[in-house]
Amino acid sequence: MDIFDRLKAAAADDWSSYVDHDFVRQLGAGTLPEPAFRTYLVQDYLFLIQFARAYALATYKSRTLDDMKAAQGGLASILGEMELHVKLCGRWGLSPADIEAAPEHQATVAYTRFVLDCGAAGDLLDLHVALAPCVIGYAEIGRRLAPDGVDALGDHPYREWIGEYAGDAYQDIAVKARRHLDDLAARAMTERRFTELAKLFGHASRLEADFWQMGLDAR
Amino acid sequence: MDIFDRLKAAAADDWSSYVDHDFVRQLGAGTLPEPAFRTYLVQDYLFLIQFARAYALATYKSRTLDDMKAAQGGLASILGEMELHVKLCGRWGLSPADIEAAPEHQATVAYTRFVLDCGAAGDLLDLHVALAPCVIGYAEIGRRLAPDGVDALGDHPYREWIGEYAGDAYQDIAVKARRHLDDLAARAMTERRFTELAKLFGHASRLEADFWQMGLDAR
Amino acid sequence: MDIFDRLKAAAADDWSSYVDHDFVRQLGAGTLPEPAFRTYLVQDYLFLIQFARAYALATYKSRTLDDMKAAQGGLASILGEMELHVKLCGRWGLSPADIEAAPEHQATVAYTRFVLDCGAAGDLLDLHVALAPCVIGYAEIGRRLAPDGVDALGDHPYREWIGEYAGDAYQDIAVKARRHLDDLAARAMTERRFTELAKLFGHASRLEADFWQMGLDAR
Amino acid sequence: MDIFDRLKAAAADDWSSYVDHDFVRQLGAGTLPEPAFRTYLVQDYLFLIQFARAYALATYKSRTLDDMKAAQGGLASILGEMELHVKLCGRWGLSPADIEAAPEHQATVAYTRFVLDCGAAGDLLDLHVALAPCVIGYAEIGRRLAPDGVDALGDHPYREWIGEYAGDAYQDIAVKARRHLDDLAARAMTERRFTELAKLFGHASRLEADFWQMGLDAR
């Protein structure tokens, strides 16, 4: 059992409220209303801007050149992903101007600033535990929604999104993030601290669930 | 017209959504349901913890010993106020254990972490502009709800809360906070930056409005 | 053996370069040239300003209200101590204007910004380990220089300084700081991390030794 | 006159103590003792690690995606430059193991942590003004030491180092950094603040001069 599995087990209800959220179920079933998805997409773009800042914070807080290079790689790839995101938005009828003009929703502010504050007030382990529901959770959700592989999705309306997170490239990112979490925990996690981290992880998971809910509420 | 008045004018709709919120009207009319007030009180306590951190951040970011002492004074008085807050909660049937066990609501996380992040990413002026809807806004709300003075409130159910913010001590805090904002602006505010600050102020005001809404939704 | 004793043992040479420094020996023997002491006093005042910022940072990074109150208490007492410091400077012919006009020496910048950066990049344990050579070390030095108590110092030219740190009030601060270090370590210190912390502690001790050297070089 | 020229004029003595330092003169004349250069090279490598952190901090503190991408580009290029630096060290008989085992000198700690603290406590303008003596100053020094172009340096013992900073690629980086400083100043610099920034710039220049002195002292 790695740290990520231990965190999930310790915050099982919060975790489930996130990964089993109606938004996810409807996305998987292909029944999610388009306005819900579109609202989600726009906010997820605004989310990624703050998420890139979180990786910049991780680079700043790194103690070794290797950690710094790894965090900088994460930062560079998020900034790259954002261009893909703009394309995906385009296919759903959202122009870059629409996206940039959108105000950040309360749910977006809550989760992103919570993560950034965990990182500013704590250490790298706090920061990466707060990021884990997103970074590692999306891989878990992607795999669940494409149990027979991306090809089996056929003309699923959300095939592109599911394919992104179910695909090997993203799955590999999540595997590395799990290992990194184990490394950070081996350095600075006692059992007493695990209890705190599980609370933080649960809180971050609930904020992710609220992020899905924001999409659903836009129907 | 001081900076605070300019910010209010530039973000008039957001400001109005906050100070004219139904929660405030019902609080003033004495018709606010008790569960709404109680939910607000508990979250406001959790809010104050983060607010104290924001003043600690201001102390850390101070450039002069005078600024540092002023910020430290603010921090000390918030930590003192929290004890008063516990008493007020007690009168509404909320024990310290109830308060501490309460999870932070999304609206609490969103506003507090937004303020802290403005301060961590920006400078003291950003931080104090983000704090202004709360610090200075509560004085404005207090005065509005007690137009004929606190004594005229009679046995108003929310007399104690209104009296706190309408009273001279808090009004004086707000006057000093306005002057401090002017000082900070004289140092580091160009007109180009004013546009950004007005956007930040508007955002913070909306997050305050969401905080009231959280109370109303608890009815 | 508490964490502080373990850190001293692990960084024995660096520690000794600090607590057994010629500046300390000459201070204890009463033979330290006045210009050396005066230079030290002025830089120590500039040091305290940054030191207060470090306690503000600790307050900001606190996770519990108790930790926050403890850090805020430390901050308030440093700001108070600075007024005593101004008095001590006055007795050595240094006016407040002299002190404030003095540029920060490289040694002052190096140690203070190193501590602040440890705190900004790491967690509370990193910050307090970086502060320990100063907070706890001064108590150890004070006791060594007054082995028979402060009264036995007679008309020692540095009696006031030695008395400050050998006295019960300061000794008590150091005892509490040691316990706090143990608490923080119980939360977030693994043996692997101890190695890093010992390196950090050694580095901070060398920077303290450089601070004494700056005084001696001013002769 | 751009902001950089104004800062230089306002802190003329500090600036001159840095760009006209004996280390620079001897480097230009080719008479700098090898041990001085070698000591400098090793410390400059340790300096670059912290410098990369400063660009990560700038990325974290960015307000727009464009600023974030620019800062991330700077970060990526520093991490790239460090590999070139290792090669240069190799030519002077310094293995990567030598470099990594070297303790940070007080002068390295002082300048790097000063810059990082300016950035953490202030805003992006503070951070970039603190970085300017290094980023822009090295281009000025490079051009001075190769007044007739890099080719005219013949078999100058420090041709490679001078060529790096006198070359078009680095000169272009400095031109962009100057423009960026002007942009940041247009946003958040009043005349009152200019006085503070000039003080900060002067302090950073002195810390750079101390960095050269550290090299000379190693002879």
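First chain written, first letter: the chains are A, B, C and D, and each begins at residue 1.
FYI, a contact is a pair of C-beta atoms (placed from the backbone, for glycine too) under 8 Å apart; a residue touches a chain by one contact, two chains touch by 3 or more.
Please read these numbers as outputs of a predicted model, since none were measured by experiment.
Engineer: What chains, if any, are shared contacts of chain A and chain B?
Structural biologist: Common contact partners of chain A and chain B, which must touch each of the two, are C, D.
Engineer: Kindly list the shared contact partners of chain C and chain D, in label order.
Structural biologist: In this structure, the chains that contact chain D and also chain C are A, B.
Engineer: Could you classify the chain B-chain C contact as same or different, where same means more than half of all interface residue numbers appear on both copies?
Structural biologist: same
Engineer: If you tally the C-beta contacts for A-C and for A-D, which one comes out higher?
Structural biologist: Higher C-beta contact count between the two pairs: A-D.
Engineer: Using the average of all C-alpha atoms in each chain as its centre, how far is it in Å between chain A and chain C?
Structural biologist: The answer is 43 Å.
Engineer: Measure off the straight-line distance from the CA centroid of chain A to the CA centroid of chain D, and report it in whole Å.
Structural biologist: Result: the chain centres lie 37 Å from each other.
Engineer: Where in chain B do residues touch at least two different other chains?
Structural biologist: Touching at least two other chains: 53, 60, 121.
Engineer: So in the complex, which bits of chain B are touching chain C?
Structural biologist: Contacts found on chain B: 49, 52-53, 56-57, 59-60, 62, 65, 68-69, 71-72, 75-76, 79, 82.
Engineer: What residues on chain C touch chain A, complex-wise?
Structural biologist: Within the complex, chain C touches chain A at residues 60-61, 63, 121-123, 126, 186-190, 192-193, 196.
Engineer: Please output the residues of chain A touching chain B within their complex, sorted ascending.
Structural biologist: Residue positions touching the partner: 53, 103-104, 106-107, 109-110, 113-114, 116-117, 120-121, 203, 206-207, 210.
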